[in-house]
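The structures considered in this document are given below.
Note that chain A is present in both complexes that follow, paired respectively with chain B and with chain C.
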Partner chain A sequence: MKRFGRGGAALVVLLLLWSLGPMLWQLYTSLRTPEALLGDGAGPGGGWTLANYVQVLHGAPPFWRYLLNSTVVGAISTLLTLLLAIPCAYALSRRGGLLRLVVSGGLLAAAVFPYVLLFLALLQVARQFGLANNLLALCLPYAGLSLPLAVLLLQAAFAELPVELEENALLEGFTLMQRLRWILLPLMGPAVVSTGLLVFLFSWNEFPIALTWLSRSELLTLAPAMARIAGSSVFTVPYGAFAAATVLGSLPLLALLLLFQRQIVAGLTQGAIKG
Partner chain B sequence: MRLRALLLMAPALLLLLAVFAWPMLEYAWLSLHAQSVFTGLEPVPVGLANWQRLLGDGRFWQDAGQTLRFAGVSVGLELVLGLGIALLLHQNWRGRGVVRSLSLLPWALPNTVMALGWRWIFDDPNGPINALLGGLGLATLPFLASPQLAWIATVVADVWKTTPFVALLLLAGLQMIPADLYDAFALEGGTPWQALRRITLPLLRPYIFIVLLFRLAQALGVFDLIAVLTGGGPASSTESLAVYAYLNAMRFLDFGYSATVMLGMFLLLLAGSALLLLLPRGQEVRS
Partner chain C sequence: MTDPGMTTTTSAPSLRLDNLTRRIGGRAIIDGVDLAVAPGECLALLGPSGCGKSSVLRLIAGLDTPDAGRILLEGDDITRKPPQRRQVALVFQSYALYPHLNVSRNLSLGMEIRGVPAQEREREVTSVLAMLQLTELAQRLPAELSGGQRQRVALARALLRHPRVFLLDEPMSNLDAQLREELRPQLRSILCAGSAPVIYVTHDQQEAMGIADRIAVLSNGRVQQCGTPKDLYLTPANMFVASFIGRPQINLLPQEDGTVLGIRPEHLVATDDSGIPVRVLNREWHGASQQLLVSSPQGDLRWTCDGAQPIGEGLRLGWDRRHEHHFLKTTGARC
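For the complex of A and B:
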């Protein structure tokens, strides 16, 4: 397994080109003038501009508004999901038998269910209860859709903790809340963080439900905002403003991934092993 | 004790029922009703008319075929490429941690963001691919305007975005295989290629199965990518079932039929998963 010569190095370069090339191309495009993109002879060194970013950031609403909306929805959905998933995962991990089998099976089926199928019924619920155009209400379906994976990941983490730990705390007279808060959860830090990150990523990126629940442009989250930009004629060729929007929309996630890549990778692979 | 367990699970289970089970019941009810502009958007019972229409709806079956083609080709390519990348990242070399993080970047981006990016990359004639073709003196290709090319463009964008996810899960599987197995196999004169076929692939099977399950379900429900990259066009040649259901509800305002399309898609998925679950067992009998 030690042989890793030039062929291997070439493959690594190829992999990086394939993964990063399209993103670097967006970055390059976002910094070019329309004339330079259409090949109308800007000399070498010419044709660079920040105008695309200025245009996107001074739109109505400005682009940072979408990022803010997505961040708020992502953060609240994550908190709500964890709040509901932790007690459920705890109870599930402490039970055996039929109940656990049925609930786990149902959770796995729900986790692989293509949730886009649910958008119409959820939209009707939103209309009936006046939840459309409400960022906080949007967190309810997001939490519901994230719960299957979150409960499965967390209950696997609970199941790994030694039972003696909890039995001792029980003898000391700890209540259930105290045991969860002071004994069990502090030991589950990594699992809670990686589960939370996966939920945040999902909520940040979610498209069909945001698309149908939100219509006021100052409330749009990032995904439907990008689609609206794609559909508007203002930004047809050239693509400088498109590209500036994709770069700005990617940056927060790239930062998140680089900061927490270990936890995200752990969350994903845990899901693979125990799911 | 059992009561307390149920109490702890109740809030989560109630939300799950509201989000997953309630919509399916709602669709079952809606699919037996006409609710469209012709009925003044009021539900009118029509029996099985929506289902009869579905069976004879050429566009539904065409989209079903296109969705299957998209999912099959995308997931197949992702599995092969992902396995290659996982094997590469499993070797011992300096800097592989950094490369692993960098190659995961496409997976983390929102679908709509990179779908917009790919639209520019495939642009005719100003996108980079066509600029390159033009620079070489070749004819440019209308990637997004030709039915033969547009679905390939959607596959490329999907493979680019999801292969890192597949590679990561398979890498987790590779790390579970004890290295001694390979050493012993090499001592007995096995070549690396034989080791891949006789050790790696069989032991990786549970991971491949999980990847297939998650990725096929996601790819068969594809919506974001196609809605932004091609909008289902040209001439609905890249339209997926999810996009068709969306159009029925939000553009044609035909809610009864849209619910029927979604239930129809769900039933097709159910049949597909039943087939998938039978598949690995058949292989085990043979080996």
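For the complex of A and C:
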């Protein structure tokens, strides 16, 4: 750090404030009484409260229900995506020539397509196949929308593994599944974790599809649930409760990132240094 | 083994390549290669980079399929057999050690996959580690090993396969020159201990001559000549082999009659008046020997002689007729 000097340190603090500021503001808001927020009454040291959290946690249905829903949808979407993307990415990375170019191009086009444009069509699909108000059905569009990017990322990671490793395993008698299980996937840990987290984040934050596919309140995932909290009263905006919900909704993500910190950094810098 | 009839079976080639051909994009990178390797024999495939020598190994291992020709291993046609059923071990140039597994796991995983019982795995790994002086390193990851140690782990892994043929692809190219010379006798004794034939790919003629029983010189996907190091040195089949074998390179002097005269630098001698007059252009003195570049009416000549040889004015060089090689200028073939 010393090399950056004082100016560098100031810049780092500025960047931290820029990205963490809104979150710290939410944390602050969530711990204040409505009166304190609106600026009347509370003396110095006063106006702090946990009432916002109590309110959110004792809502109907209670907040943990949304957390559970989002966790289940996120976990299943991620598993489904990885399960399908890993074999696709492997096959693609081992093919040369035109086929790989065409498929990769198609995947790239699908990955950059703004999926919001699809949500009305997806709603029709949900109606047609009776998938509305089915929590697990939400995993289908989530996995489908995540697949292109996941395949592209994993394919690049597969392509980076030296081909001799797999050839040696082949000569040693490993079957395809054994090669994936023992040689390739252990070496792709960081890439798999980073890709999985991206998928999980997408499904955790996804709003339009969840909003239109789900209407029963005990099935809601976090994003539409929070929108409901924000719009629950005609007369006031429940800033405190909304902020408390935001904080609670971010905690699982924070835990996940801390848990996989090392792999994420390794995944992001993969290929930067040849081992 | 006491049956006298066995002798004929064991001297029959263990591995035979018949007219092996591989084309990529219409160009033959391997062009009708015929080779036979006897049990326990070490054959070096020697050639410049891009001559197809590594491609031959990949065809034998089954990592690639030939367009024509056959591969026979112990009499059984393995040309189309999947690689995992050929019982062939290949030591890659990069060694291909599994980077996430420690040395002993690198050695035992393959056996585990092939269903070798745990006790036997343990016993075999322990003995091969001891044989290659790797016991101390058993718990290390490949990244924590030196180049020479990695090479030994790769060899150990190949030995544990009990293969029907060993294939080695430039196993020394990642090591420094001194280590290479140190390891050569060790490698030779390990490889030649068993009855499986060894095919050793290299571009270094010195290494090939030091390790192999026979050398096949490859160029443009074709075997130029196959024989003992002595054969190749004494009677090179063409100009390519003549210049590839022996350092410094043979002197090739074009003649009036459409032939080329070849004379090795070490066969030139200083004479009185009968030889050709030369002038010294460059001199490298190595102690026991010295290497000179001299100009003569016939062109520049490389000359290797004793370190004690005085080099003065009015130097004349000659050679014994027995050491002359003659090649056709058009095809390069010996004549």
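Things worth noting here:
What we mean here is this: the second predicted complex is superposed on the first by the 246 of 275 C-alpha atoms of A that agree within 3 Å, B and C clash if a C-alpha of one lies under 4 Å from a C-alpha of the other, contacts with A are read in each partner's own complex, and residues count from 1 in each chain.
By definition in this document, a residue touches a chain if its C-beta (ideal position, glycine included) is under 8 Å from a C-beta of that chain, and two chains touch if they have at least 3 such contacts.
Keep in mind the model is a prediction, meaning the values are calculated, not measured.
In the three-chain model built by superposing on chain A, chain B and chain C fit together without any clash.
Of the two partner chains, chain B is the only one touched by A:227; chain C is not. Taking chain A as the reference, the larger set of touched residues comes from B, when chain B and chain C are compared.
Within the superposed three-chain model, A:64 lies out of touch with both chain B and chain C [touch as defined at top]. Look at A:48: by the touch rule set out above, it reaches neither chain B nor chain C.
In the superposed pair of complexes, A:171 makes contact with chain C only, with no contact to chain B.
Rounded in steps of 10, the angle chain B-chain A-chain C defined by Cα centres in the superposition reads 100°. Residue contacts after overlaying the shared chain place A:129 against neither chain B nor chain C. The minimum CA-CA separation between chain B and chain C in the overlaid arrangement is 13 Å, rounded to the whole angstrom.
275 are the residues of chain A that lie in the contact sets of both chain B and chain C, per the superposition on chain A. Contacts from chain A toward chain C in the complex involve residues 162, 164-165, 167-175, 178, 182-183, 186-187, 275. Within the complex formed with chain A, the residues of chain B that make contact are 2, 4-6, 8-9, 11-13, 15-16, 18-20, 22-24, 26-27, 85, 88, 91-93, 99-106, 108-121, 123, 126, 128, 131, 160, 164-165, 168-169, 171-173, 176, 179, 182, 207, 210-211, 213-214, 217-218, 220-221, 223-224, 227-228, 242, 245-246, 249-250, 255, 258-259, 262, 265-266, 269.
The touching residues of chain A, when paired with chain B in their complex, are 1-2, 4, 8, 11-12, 15-16, 18-20, 22-23, 25-26, 29, 37-39, 84-85, 87-88, 90-92, 94-95, 99, 103, 106-107, 110, 112-125, 140-141, 143-145, 147-148, 151, 176, 201, 204-205, 207-208, 212, 222-224, 226-227, 229-230, 237-239, 242-243, 245-246, 249-250, 253-254, 256-258, 261, 264-265, 268-269, 272-273, 275. Interface residues of chain C facing chain A in the complex, by the touch rule stated above, are 61-63, 83-84, 86, 88-90, 92, 94, 96, 98-100, 109-110, 113-114, 143, 157, 161.
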